[in-house]
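See the structures that follow.
First chain A sits with chain B, and in the next complex the same chain sits with chain C.
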Partner chain A sequence: MSDAAATLAQDRQKLEMSALSAPAVIFTVAMIAFPVVYTVWLGFQNFSSTGKQSFAGLANYSRLISDYEFWHGLWVTIALYVLSLVLQLVFGVWLALVLFHAKRLPGIVRSLFISPFMMPPVVAGMMWLVILDPSLGAANYMLQSFGLPPSDWLASPSLVIPTVALIDSWQWTPYVALIVLGGLQSLPPSVYEAAQIDGASPFKTFQRITLPLLLPTIVTAAILRSVDLLRFFDIIYITTQGGPGNASNTLNIYGFRVGFEFFNIGYASALMLTLTAIVFGAVLAFNRLRGAVAW
Partner chain B sequence: MKARMLATQVALPMLAIAAVSAQAHAADFDWMKFKGKTVTFLANNNPVAQALLTYKADFEKLTGMTLKVDGYQEQQMRQRLVTVMNANSDEVDVFMTLPSREGEQFAAAGWYGDLTAIVKNEVAKEYDPAGLSQALLKAATFGGKLTSMPMNIEGPIFYYRTDIFKKCGIEAPKTIKEVEAAAAKIKTCDSAVTPFVSRGLKPAIAYTFSNMLHNIGGTYIASGKSNLCSAKGKEALDTYSRLLRDFGPPGVVNYSFQQISALYRSGRAAMAFESSNELRTVMEGGARLKDTGLLPFPAGEAGQVPTTIGWGMAVSSHSKQPEAAWYFVQWATSPEVQKKMALQGIAPPRPSVAKDPEYRKWIDEEPVRKEWQAALDVLATKGSSEVGYPIVANPESREFIGQAVQDLILKQKPIEQACADADKALDALIAQK
Partner chain C sequence: MTDAANTDRWIRWLNLVQLVLAGVLIMAPTVWMVLSSFKPSFEVTAYPPTLVFTPTLENYVELTRTTPFLSYALNSLIVTVGSTALGLLFGIPAAFAVSWTRISWPAILTLAARMAPGTLFLLPWYVMFRQVGMIGSYTALILSHAVITLPIVIWVLLPSFDGIPRSVFEAAQVDGCSVTRILWRIALPLVASGVAVSAILAFVFSWNYFLFALVLSNGDTKTLIAAAFNFIGEGSTQWGALMAAATLIALPPLVLAALVQRWLVSGLTLGAVKG
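Let's turn to the complex of A and B:
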């Protein structure tokens, strides 16, 4: 077969393969694109309380600027995000180190520690709602049995964000630990041997070798958790519904209520697209950071 | 207020009675008319729907139709309904609705099928639409159109522990002031129990708060403006929040019916103001069966104006088979089915069922059931279905009522500011078209 004929046959094969995969590709793109395009379109619509629809232009977006609940929701979202992410990264790395060095029954220890994130968030929320109930819950019972004063936990405007952050961290720290554990297992043993020969202490080894080498893995974990944390919904919806008052009213909870309880789908779409832009921004920032710390 | 109550309790129900009494039972009514069809029912997985769906097979046998049930928790059901109705979809034929909450909104959006004519012309001989609670039929009528048929009757009632009252030497309270006095006495007499509990969760507050506002003599709207900063409005806000702050459980701002029932059932609350529907939950295990007394909420300066609502069944305006859908609604709200549901503890919206010997026998088995029925009788005769603002944006109005109460419970604002902030937001809602 001449070269020209071979090239022609290869081109035809590529064309056939493209044609065969086209339906699946078109279907997948449509499934992703349609909801996004539809939401963008809804963001330009005005829905009255009676569901009547009209073109609103940028009115939904300009309303965001003067909407106190939006700015409050943004603040709550960011506060919850930062607090939860810091807790999960710090304790996730610590847990990964514990699991990495576990010598006895490592399989059982790992299964036990990672079990919380296997639990559906709704179940976790219900469980913690019972535990943290100020009257009937086990948490206050334990505090009081140690002579400490009881706490209002989820019912206190000043404690609700740290409490929700703790619940989420209880559930998702093992997930971060699992990612970091994978990173730990892939670190080259030679650098540790060199550090041992040089007489480095365990703390110095962690500070100067383990942590810098783990940074790309930690940033990856941060990206994955950021996407979830900025869209925080289920545990808050189960435990506080945004309360007390609006102390835990994240943007996602606020958008849900505007859309499905007050039926203003247009404004809810604008809120959700703004939240999506924030999530994208956070992911892009972490992606750049990952590039900077790669080795 | 009095003129309005008169209109609500006497004149309009009479008109409704006249309207539905003028029915002409179709002589050739045939339950098998739509044999082979499938009716889709969007249901709230609450005790009312659960009791009804126990008899799903009976409906299918009677009509030859298939009943497809699409069941969700309450908020998720609304979420599904909003999606379906905004898409003008015929996926749902019949749905459950709370006229007191979303009635104005759904009616204005055109989501309810008009049942006014069909309830006169396409009914079985035994259906007796005039036997349904006229207050609830009136509450489901918007712009002269009947939009849903009542499935049950319910409202917040006052649960109290007779043993604790006896131990502390307190009589059952007859007024709101006596409730507060009783709570203060219980606090010193038995520090192990929470003296009083009611709803403190923001979106849930309007259900119980409305009863107190109306008993005190307040109104939500006066001269087209929000009225929470009126003297009566402030008194209601202050009394409700003070009762919960001073005598309620810690964390009461997260309390809705689940937490209240759990607290009372466990014996850790002396008084609870909660839905009549919770009787079955509260009595689970039997611990509270012999030491609970039940009353409508004690009177204020305007007497007793209990909150009375009920779940309704509506036919979707997008249904392509509204007549078949109506057959299901008719069966579900018929005297026979409502009697069966009543025997499962679902308070019947038909006075005739409440007087039925078999039902009376069930009621008479326990003194607490007798008190429950007596309280429901007061709800049925004196009740107001106004829960939150009687405007299209009713669900949103409940947020601002709840916010004002929570601000006071948590001492985040003085009452002048709490009510003024709420009035400002609510005036904007009232002005919405």
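Let's turn to the complex of A and C:
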């Protein structure tokens, strides 16, 4: 009898638990799962200039393969991704070490250090647009006062990708540093003490002990940044809109413009599904890597 | 001994230099933005740039006079507060249920939005919202931004709920409390600070989000971020007003982030790192 009562209570509890997560699940299915399935369907559709819709089969995907702008966008996306990720990881680890050794950082200083990535990327784009202005910007003034030639920055087709990478790195390096700092603080201090007794130099200690122990944290930071960097949008859309020409036309920018400027929803869906597959592929690869460097 | 002490002092000095260097690199662009916003219009575009000037509010006056800045700000506030509230309403019970049952797929499902490019959702939303005539409505904007806030709320709250000893719940259960009652009366007060952090982070990221409002808003419901273009469009002679707009847009998230900076690490990594 009491057994039956217990199962009844358990069933009741299970039901109540499902009821608690139901709104979040229903919302997510309605706003994400269903639309994604819909996008897959849209990817097989052709939208004519008059808004007429017809079944296109794999036409959008075969168009992708022969579309120069797609391959160019893929190249821009990957170049921007690799450059930004390397910059942010290298300087992020450096900044984390600096912050780690500056014990007892006052809260206000910490707030200042996190301020870049708490502000909208759009604002970051606006401020750098003014600073990097080729003729009146402060950046070129600095260069010239050091005797260096001025640069065209965002207006130069060959420099626009490094410049955008620099802006994003200014914004997100402190974020990487904050994650790595968390990793540093969780390392057992006994490791350093042992190294110190053995007379290892600070550089050797870092190379042989700190860095290997930090690798899982660094890979975590890399995953979190990869997800954002591969779908790079805000800063480019505000500063160059993919220009000059198409020099900074990432896949996400290209897909957005195909969808909402040329209203070719079908082809844009195919582009976005491809980009999503790339993002998930990168995350899976890094997850493997994280398993390999775990300790 | 003195040798070691000397090296020690050297290292500390070197570290201080690096700290200051990092601080300058991080702060200089923001300081430049704020300074420019207070410069008289003829000095904003002066070359070489000036550092000493008589501060003025003329750019801010100009901004509110020539653009509907305040109504954009109100739109941003409506969308951000609405989506944060929705995120909390759906996210708090879900986080509690996931923490209790250890069935984690609902939490992972919401993370999909954190990984896929926003345009992937925006395309079908655009088609769907247009069919029901909701393009430009606050409802569409709030719903789309709740996709940002919901995973933040769930993943920030999960560790907080996990931190409550199970015995607390079991005792309440023995007393005949329903699960819902346990959540609202017992668990929620215990994780109040976590709720505050999640609400602030949700607010910040909803406020900062650009892409959805770019397509789903119209002239009347445009948020500040989506309107940023209008400020840029006015050309390089309007730098002062542009920097005033940028400063005002960045202010709410920066102030809120400063309040919770201590708890930010674990919240920002969605539980990937124990802060």
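Structure notes:
Please note the rule applied: the second predicted complex is superposed on the first by the 257 of 295 C-alpha atoms of A that agree within 3 Å, B and C clash if a C-alpha of one lies under 4 Å from a C-alpha of the other, contacts with A are read in each partner's own complex, and residues count from 1 in each chain.
What we mean here is this: a residue touches a chain if its C-beta (ideal position, glycine included) is under 8 Å from a C-beta of that chain, and two chains touch if they have at least 3 such contacts.
In this text, all values refer to a predicted model and were calculated from it rather than measured experimentally.
Following the overlay on chain A, a clash is recorded for the pair chain B and chain C.
In the superposition on chain A, A:Pro134 contacts chain B only, with no contact to chain C. Of the two partner chains, chain C is the only one that A:Trp170 touches; chain B does not reach it. Once chain A of one complex is fitted onto chain A of the other, the partner contacts of A:Ala294 are absent, as it touches neither chain B nor chain C.
Of the two partner chains placed by superposition, only chain B is touched by A:Ser48; chain C is not. In the superposed model, A:Ser21 makes contact with chain C only, not with chain B. Of the two partner chains placed around the shared chain by superposition, chain B is the only one that A:Pro150 touches, whereas chain C remains out of contact.
Once the two complexes are overlaid on the shared chain, A:Glu261 sits against chain B while remaining clear of chain C. Once chain A of one complex is fitted onto chain A of the other, the partner contacts of A:Gly243 are limited to chain B, with no touch recorded for chain C. The partner of chain A that touches more of its residues, comparing chain B with chain C, is C. The clash between chain B and chain C in the superposition falls on 257-265, which is one of the stretches 5-13, 221-229 or 257-265.
Chain A uses residues 133, 135-136, 259-260, 265 to touch chain B in one structure and chain C in the other.
Put simply, chain A touches chain C in their complex at residues 13-14, 16-21, 23-25, 27-29, 31-36, 38-39, 42, 94-95, 98-99, 101-102, 107-116, 118-131, 133, 135-136, 138, 141, 145, 170, 174-175, 178-179, 181-183, 186, 202, 217, 220, 223-224, 227, 230-231, 233-234, 237-238, 252, 255-256, 259-260, 265, 268-269, 272-273, 275-276, 279-280, 283.
Interface residues of chain B facing chain A in the complex, by the touch rule stated above, are 75, 78-79, 82, 85-86, 105, 108-111, 194, 201-203, 249-254, 259, 262-263, 266, 268, 392-393, 395-396, 399, 403, 406-407, 410, 412, 432-433. Residues 48-52, 133-136, 140, 150, 152-155, 157, 239-246, 257, 259-263, 265 of chain A are the ones touching chain B in the complex.
On chain C, the positions that touch chain A within their shared complex are 11-12, 15-16, 18-19, 22-23, 25-27, 29-30, 32-33, 36, 45, 47-49, 89-91, 93-94, 96-98, 100-101, 106, 109-110, 112-128, 143-144, 146-147, 150, 154, 178-180, 183, 204, 207-208, 210-211, 214-215, 225, 228-229, 231-232, 236, 239, 242-243, 245-246, 249-250, 253-254, 257-258, 261-262, 264-266, 268-269, 272-275.
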